[in-house]
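First chain written, first letter: the chains are A, B, C and D, and each begins at residue 1.
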């Protein structure tokens, strides 16, 4: 029983990342009709916001410790971060410790900016072009972003640990009398994802801006005819989607250390998620994200892999095939979107 | 038009039937049989085939640094590095057999196809007479097979699968790096000392050939000491999150987790395992332990804090205090500003060993070089006395058991050596069942045309 | 030949390029600094034409019907595996191997096509992607377990000494061959002045096969069948109401393009008898898509150009290291030399991906019709130079390529 | 008995009764118009005739054979061609290619694998296509892309494509919707010509009375999914029920 609930939790956690990326992808499909193959790269950029901040905070000055030697036998240079020098090791240390949550503050404006520049500078020239061209240009952009990150940060994964206070596990099953020790940060990630998803939905649901955007998603021309500058709003939506992907990336760092190709690892999966959810459907994307996350977790159990060898490797694709063959437009897809 | 000069630089020439098979004016075909692997002119070209893109790009970059250093030393530049400590003294810094060493580089992308394409271009286009490098066993085996067919020598880089010198061994291929079996044999006694002989191990294994041979080796070695293998779960190579594999460990009754993962897989699975609080757990009245059989410093760096106190094995580490290691660390460190990785070490050594063998054989012909390497015993290269065994072209040397350092002094100071397992303890029969048994054979040495 | 004049010209040009490739691709003397850019060595030439075949086949599906398969690499992989199995079981003769690889890939594409073609648009793309990824995952691990080793997993399927090879005889080469002619051998190596040219058996086999399938592709493009496929892309609704059933047409196109991919896979294995699972990964499928779009989807020659372009970068640019850069810029003063190396360094060697990514973006932004459009523009530039100004209306868009303004919401 | 017989057809969409007990008989070689206010179920009925929708109950027979459960292309092969409200043509292809496709469909059926001989080699097909283009007076646009034609020409092309198949029944879905008066008149002339020159049954759905009364031999008025009256144009003109249906619920 405990194992069962643990896998549910794992599934929700994986699902959080899928859902967040898929949400952004769907926003872009829905509003702009653009297939964005660079979306995974945006997720990766977000994670590297955290890495960058961590690096910046750990910028150090060197003092020479004569008592110790380095690998070449020279006196050891001891590095002390400037923040520790300025604020003392206590406060300075805890600032560095909280680098990941702090980097959210940087990531939001940065990612929205990246999204804005991307849309204005590149994507907007591709609205009227075939989807194939959109794929090519965004894929090219993804490669470029990835290689730039690799150039500065290398190919190895880089640890971005959570703050010490959020390290470790907590038994969340205690009230139910279950033994459910689960990492705190993973809980944080799940709650964070739920918060973001809720935020995006209520933004679209309850603000006039959101209503116009939703109307535009349903029928762009008509809204345009009403004299509303829908393009500006869509640009903002692109920024928002980039922001969501970026935040998903920032917070993902402590779960698995970021590397430059993490975006590509998620890209294909999140496309599958979006399509299983149904093109153009935001709730569909979120639902499919969590559903596939949970299914993937259960397929990884020994029970599943001994029953059907290799099921853990193909489950997502298998489910995608079954869903698409039984529900032609995914779980909640709209008719006619991206079917041509 | 200038004069027409017909030769066979023909690097991939194996059958005499070929030319005759096609009706061509005889003036266009040459009947002269030049030895392919006889580099013309005053230079000799080596091919360094390392991952430059993809997840192992950093490891590849370090290998490339080592190769450049080796070439510098062979050509008499720098401080000579291990040339000064190498037990064989035939290399004098004038290149190889008096020919200046040049090199070409390529990108394996850690894909067999791309690696073979890259190696082929080195052989066909640049006339490389030796190919070396790589950071995964799949690539090593693929390129080794290619070199066998093409008739050039392959000096493997980082490859840890038993198969490289086991069932896929080739007469033209040589491996200096250690392997899964050796890791198991070296680790088992140490694990017994540290954690006792009554342990229940849970294996997570990367689901491809290297993972399987590694798991098989470790399980066999630990079971021989009385450990019980509770479960072995195969994880897809493409996995990025291991939570759903780690969670079941908690309730499995196991008290040791063995992570048969490498690279990004290992970094993530270890991070996840630590996240789930495995290391703070007590099972069966014992502390829960995690073992990572194959360590590298670059991986340790990726794993960060999580590596502390974790035991594993490694081929070489820069903190070794023998003369060879010190000389290598010094020249590498002075050139690049940081200590070399084990991948860099094995690549450097392989290059020197090749150059030495050519010099001793006084020939570039692969079969002569192979003969010079077979059964060659040497020292001063960082791993103590080492034997290149003739039967399977595997080096036998001491294996290091290491542990993640609790209080690192610098960003490179991540591992400490727990024990140096002597070569005798990790030696096995050439026809060991894990290495292809009696069926495994090197085949015929291929000299090219 | 049953071709009209312009198609015949195209075929002849391609034939000249393919058969003369050893000369054309080696324009620089061996010892010159530019030799780095020579691509006329057997392996790369083979790859050019083999991936050309792959892209031609993919274009029959994507360029004509508009169905974007994101799992085409699966057929390439299956073809390779089939070929290597023929080597293992029968002999190293490439003929049965290539034949079987086409057949097996054809059967495999019947299966995948039949299911996937029940959906269209991105739903179709994801279905093909899912099938291919499943094939890849299974080939990489499950299908290579010791009890049932179909693919040999990570190591890649290869011929071992213990394999039956029942038709192997003494005197036949121990490498892939065509009735004794070893694929990897060169029948001629020519040295002229500083230049060197290599004529490889395997390359010429590939080139001839490529010309044959290219010719077939031209016939197909011009045939009523090809017209129907273009009609599928243009307006399926009208096609339906004109009494034509789009399903068998698209399925036939899918199978044909699957067989092309299988042929490419078989040739790949014939040139180099090892089949690895990575060939089936989504990145490989994506590469095929990129080749086709980059060259110009829906045009005859575009996909071949795209394939050559990407393979050239992969094999030539990745090999340029700092050492080579220093040689190039050696004529400059020291500081200048280092500066130039510093500038160029991120774009070559391990940075070849970056250059490729940038070029993708540039080409698709400025040449919507792909490389073919670039070629046309250059051609038009020359044509117009000969004429007086004001003759610009002679510019006619390529009749095959008309980027469709894809309506976001159909129906 | 008419060439097209619709008997007791019902179709519901959720709670909406789109068609209620529709009975309709179209005589051979006449122009039969179906008119009715918006939402009367005209398009639903048409879709039931061509296989796009399947009625919940009832039968639709063409020339004695049921069309229910058949796909649009099968129904087309039976001899029913359809012209859409907005012209459905192959926009990416040339006018000539647009014409060739129905010719092949007529000759070779719904699928034939003819992948080797070129289109140009099929002399008789090409000739047929060219002839038809001459008939509809579009021979000068033969190499143009269909998408670049004017709306009127698109309509003309679509009709020519349908006529090339020599259908026994031609279904027209509001062929003049959204057209200027002049274009409408041109279309009427075109249809009149067609009617005079061929043995063809035309079933037209329209709410432009001018068009209907210029062309129809027989008219069915549909209101709220049910046929109200079926009669000759003269009689329809003065029918109070029809007025009521069009002008709303008169007291």
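One rule holds for everything that comes next: a residue touches a chain if its C-beta (ideal position, glycine included) is under 8 Å from a C-beta of that chain, and two chains touch if they have at least 3 such contacts.
Keep in mind the model is a prediction, meaning the values are calculated, not measured.
Q: Looking at the contacts, which chains touch chain B and chain C alike?
A: Joint contacts, listed by label: A.
Q: Using CA atoms only, can you tell me which chain is the most central one in this structure?
A: C
Q: Count the C-beta contact pairs for C-D and for A-C, then tell me which is higher.
A: A-C
Q: Need the CA-centroid distance for the pair chain C / chain D, whole Å please.
A: Their C-alpha centroids are separated by 46 Å.
Q: Approximately how many whole Å separate the CA-defined centres of chain A and chain C?
A: Whole-Å distance between the two chain centres: 34.
Q: With centres defined as the mean C-alpha position, give me the chain A-chain B separation in Å.
A: 36
Q: Between chain B and chain D, tell me the centre distance in angstrom, where each centre is the average of that chain's C-alpha atoms.
A: Inter-chain centre distance comes to 74 Å.
Q: List, in ascending order, every residue of chain C touching at least 2 other chains.
A: 137, 141, 353, 404
Q: Give the residues of chain A that touch two or more other chains, as numbers and ranges in rising order.
A: Chain A, residues with two or more chain partners: 313.
Q: According to the definition of touch, which chains form touching pairs?
A: Here the touching chain pairs work out to A-B, A-C, B-C, C-D.
Q: Quick check on the complex: what are the chain C residues that touch chain A?
A: Where chain C meets chain A, its residues are 62, 66, 68, 115, 118-123, 126-127, 129-131, 133-134, 137-138, 141-142, 145, 282-283, 286, 289-290, 293-294, 297, 346, 351, 353-354, 356-361, 363-365, 368, 403-411.
Q: Taking the touch rule as given, give the residues of chain C at its contact with chain D in the complex, in rising order.
A: 2-4, 219-220, 222-228, 230-231, 233-235, 237-245, 248-249, 252, 256, 399, 402, 404
Q: Name, in rising order, each residue of chain B that touches chain A in their complex.
A: Going through chain B, the ones touching chain A are 54-58, 207, 231, 233-236, 238, 240-241, 243-245, 247-248, 250-251, 264, 267-268, 271-272, 275-277, 280, 298-299, 301-306, 318-319, 329-330, 333-334, 338-339, 409-410, 412-413.
Q: Show me the residue ranges of chain A that touch chain C in the complex, using the header's touch definition.
A: Touch list, chain A to chain C: 33, 35, 122, 125, 128-133, 135-137, 139-144, 146-148, 151, 220, 264, 268, 271-272, 275-276, 279, 309-310, 313-314, 316-318, 320-321, 324-325, 328-330, 335-340.
Q: Inside the complex, what are the residues of chain C that reach chain B?
A: 38, 41-44, 47, 137, 140-141, 144, 153-156, 158, 161-162, 171, 173-175, 177, 180-182, 184-193, 196, 198, 201, 272, 274, 276, 278-279, 314-315, 318-319, 321, 323, 349-350, 352-353
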